[in-house]
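Two complexes come next, and they have one chain in common, subunit A, joined by subunit B in the first and subunit C in the second.
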Partner chain A sequence: MSTARASSFNCTECGAGLDALGGGRVRVHICSYCGAELDAQDDYKVLAKYRDLERPASPFSIGMTGELWGVGFTVIGTMAWVEFHNGKRWEWVNHQLYSPTHGYAWLTVEDGFVTYARKQRMASSPTSLSESFIENAERRPSVSFGGQSFRYYSSGRIKPTFIEGEFNYRPSLDESARYVSLLGHHQMLDIIESGQEREYELVSLPDQAATLASFDVPAGRWPKPRGVHPLQVYHQSPFATFARTVFFVASAVTLLIGLMLSGSGQTISQSETVGISRDVTLPFEITNAGRLTEIEIWANAYNSWAWFEAELLDGEGEPVAEFERGVEYYKGSDWSEGSQRVRTRLHLPPGTYELSINNTQAVVDWAGGTEATRYQITVSHGVNTTFWLWITAVVFGVLGLAQMVGPVVHNTRRMAGSDWSDD
Partner chain B sequence: MVELGVQIEVTGQFYLPVGQAQFDYGRGWWDEFWCLNEQGDGYWLSVDEGDYALERTLPRSAWPKGFRPALGAATEINGIPFRVTEAETATCSAVKGEFPEALAVGETHLYFDLTGLDGEIATCERWDGGEAWSIGSWIDAWDVRRS
Partner chain C sequence: MVARVVLVVLVAAMVGAASYAAMRGVWGESSSVISTRAGSPGGGYGVGGRGVK
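Showing the complex of A and B:
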């Protein structure tokens, strides 16, 4: 198994004792004490000096070891970065990682999230997205990389502000870089252009708690995530998924039952259409018990109302029910209110009945209204009341939809950090 | 992760390492595994601190003409443009198993790694009295697993 000789040495600038943790491919080692940049491939000769750099806050420090997806890594370097855009400032910290089996990678702390990035040797297609291409694109641009599609997320220019430890290349505080971040299903692709070089990195979001615990980060130093990371996939609880399914199925079943039971029943008696001032007497017979009887009054009220008094007598001439009903119908250019029909439902035992309508009134109380001039009475039997079934179906549907609100809100927050605008 | 006699899987293909040679470059060392696939074809698997590359021997007829052995030098192999990205002198420090060529412990080899634009790698290896070329692709360490 390939490895490097772990060793300690003294800084050739200040004499401080330093550990070489990063294997044989380390190019430079920036002394944690004096900031001297030492050439790890040429007897640690001093290449440059970085003085008075402000050390960034990070839960990780050089020498920490931990596991990512079961692979052991050691933190060997620290770099702080800054990006300015539209007067705003973003800061994050990259830690160079080293694994004897998985090589060099980055552990990044930004917005309270810890991500893992590793360099790729393939190129995307297209190889990059220029600033002008992004600015002029009508739709969110995307690239293909390793058979996957990555959609544009953000871009900008970044600059390092702090360097410490070991790196497998020679970083420079003087060199800024341009980056383009693109979002795939479970990874982000970062295209980083610096000088004449273009590099590709795949970024993953490891289990945050497991990673911090594995690197023995003290609980008090765990970063506090702000918002939702673009790689944070919404994890709906199995119960919520089950509940959503149950609610939608219940809503559909209730709707189906409602449709099967709905209907206006069978007309058993109907009056002629008569003038509004005329009384109507309408006999009818109920033969089946257990179903509802519906008495419907229709009147041609238009932006007006009409009033009806009704009395229902049984075969013995005894009153069974007395009720008053109003037909109100109002309509504007883009609205309407009320109806020209009003219904009354009764549960009547089998027998003969006589319905009397009298003392009718018709009144216009709206500009441009027309007084009701005619009305008609229809008696139906076998009517089912499905009102509460509709209400129940709607309630189940709403409860089902409520289970979907979480993912929608989550995905909106995932994309909140993107600088892409469809406008 | 890679061990002699233990089959590995790389993006759906299976390889059995049958020979292991270790090369020392001073600051560390790397391993070259001679592997056979299911059809019995031979491949060199280079394992160098998380950098994995799988290469096949390049026949002499495909060797690039006028290759300049220097960092940054450009050349073309099988129509693919390459550039020298690494040059290393290493000493063979250990050998074990079977190889398609004779390897002697203590022998010094000069290696040139050439990188293509889309994950391709080619290697030119020179030693006293010999030269060999191989071509293949870099492999993501996370795509290598014991099977």
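Showing the complex of A and C:
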């Protein structure tokens, strides 16, 4: 027997005045005052009684109206749910919504986030993921739904703990349900199995502030989100994206400049290759101020070392600098150490110079070694210190990579609530 | 837009400074060269040099 809906009526159990907000497809109405479950299709006949239920905390309450994606909805019912697993407890609140033009939907408050869910008529492929399938899967399972792929996020058994208001089906506190949540790109797919029924819901994350404001939730009652919701897609600011590009380009340009400048330096004076016992005197002239001068000693030491002393005089014969350098080179079948070349760099003001170098010692101290017998001196000017460019390139590279860390961290936090483990 | 221009200018300035330092051989002197020029304040050419001989 159908009953014409009235906009308000009195509870047939306690007589309290109740509003009928949910349209013609409401099945039951649970009285907010006495907990009586009334049959909305049969003169509000009492079907059951739910007493002493603890009302869940929620920023929404029955009768509130607001818009979601431009569609007006009214909150007509409230259900609280709980899930237990491994000694942990999860709670959330579902509110049934009604729109005269779009029918019924759900608004859920969990972990401080507000989500919107709507039942779907089609089924996924495969139609469900059993507990054993999930347990034995080697890779994160996925299903196809409406042409989209949804990857496994979590599953479990849930049970209602509170019911109030109008519903387009008959909920029961005695009935538990099994759910499987899967994550798509912009939506989640919930597969809910209860008794012989299997239902599919697509869950979306609406603009939180706009939704709460639309339903006129007082600012003091706005929920405080904890963590990152799985549907929160990372949005990098355009400036951060621009900065990342600039840093990577700068790093590449700096590397290129470094490669171009490395190894540069113009040979301005070079001695003959002379016997190790001979002294070398090498004149040269510096014309440009502010550039590095490099004095390179080459000796044919092999598994041995040779020691050299150097003195640098200016054009007036005054000593400018002196240094000692050792050439040492060792080589095995698959290793080598040291070098037959040793370099000394110094800043010299423009002018003429004379470099005097002599060998003071040459020693073989490794099996199969040969004493250095010849050496040569080369003076170059305009040598660059490219480590500045390598450091700068690394710094810019790190700064560019840092712009990519945000999305990685965000996605890790998105998946933090998943009960899937690759192990 | 201003922030982007400022960023590009700063980055370009850093690349330029690094290139200039590289070409001028800043901190490129060998550390064990002893300056013997009269009146040298010690330290001479070397970073950690052993002073005037």
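The working rule: the second predicted complex is superposed on the first by the 307 of 423 C-alpha atoms of A that agree within 3 Å, B and C clash if a C-alpha of one lies under 4 Å from a C-alpha of the other, contacts with A are read in each partner's own complex, and residues count from 1 in each chain.
Throughout what follows, contacts are C-beta pairs under 8 Å (C-beta built on N, C-alpha and C of every residue); 3 or more make two chains touch, one makes a residue touch a chain.
Note that the structure is a prediction, hence the values are computed from the model and not measured.
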First, second, both or neither for A:K224, with subunit B first and subunit C second: neither
In the superposed model, which partner reaches more residues of subunit A, subunit B or subunit C? C
Tell me which partner A:G258 touches in the superposition: subunit B (first), subunit C (second), both or neither. second
Go through the superposed model and pick first if A:M122 touches only subunit B, second if only subunit C, both, or neither. first
Regarding the shared-chain residue A:P100, is it in contact with subunit B (first), subunit C (second), both, or neither? first
Quick check for you: in the superposed arrangement, does A:F396 touch first (subunit B), second (subunit C), both or neither? second
Considering only touches as defined above, state whether A:K88 meets subunit B (first), subunit C (second), both or neither. neither
Using the superposition on A, tell me which residues of subunit A are in contact with subunit B and, in the other complex, with subunit C. none
Touching residues of subunit A toward subunit C in the complex: what are they? 239, 242-243, 246-247, 250, 253-254, 257-258, 261, 290-292, 311, 314, 318-324, 343-347, 383-389, 391-392, 396
Which subunit C residues qualify as touching subunit A in the complex? 3-4, 7-8, 11-12, 14-15, 18-19, 21-30, 32-38, 44-45, 53
Subunit B touches which residues of subunit A in the complex? 1-5, 23-26, 40-41, 69, 98-104, 118, 120-123
Subunit B residues within the subunit A interface of the complex: 1-3, 25-31, 47-51, 115, 117-119, 121, 138, 140-142
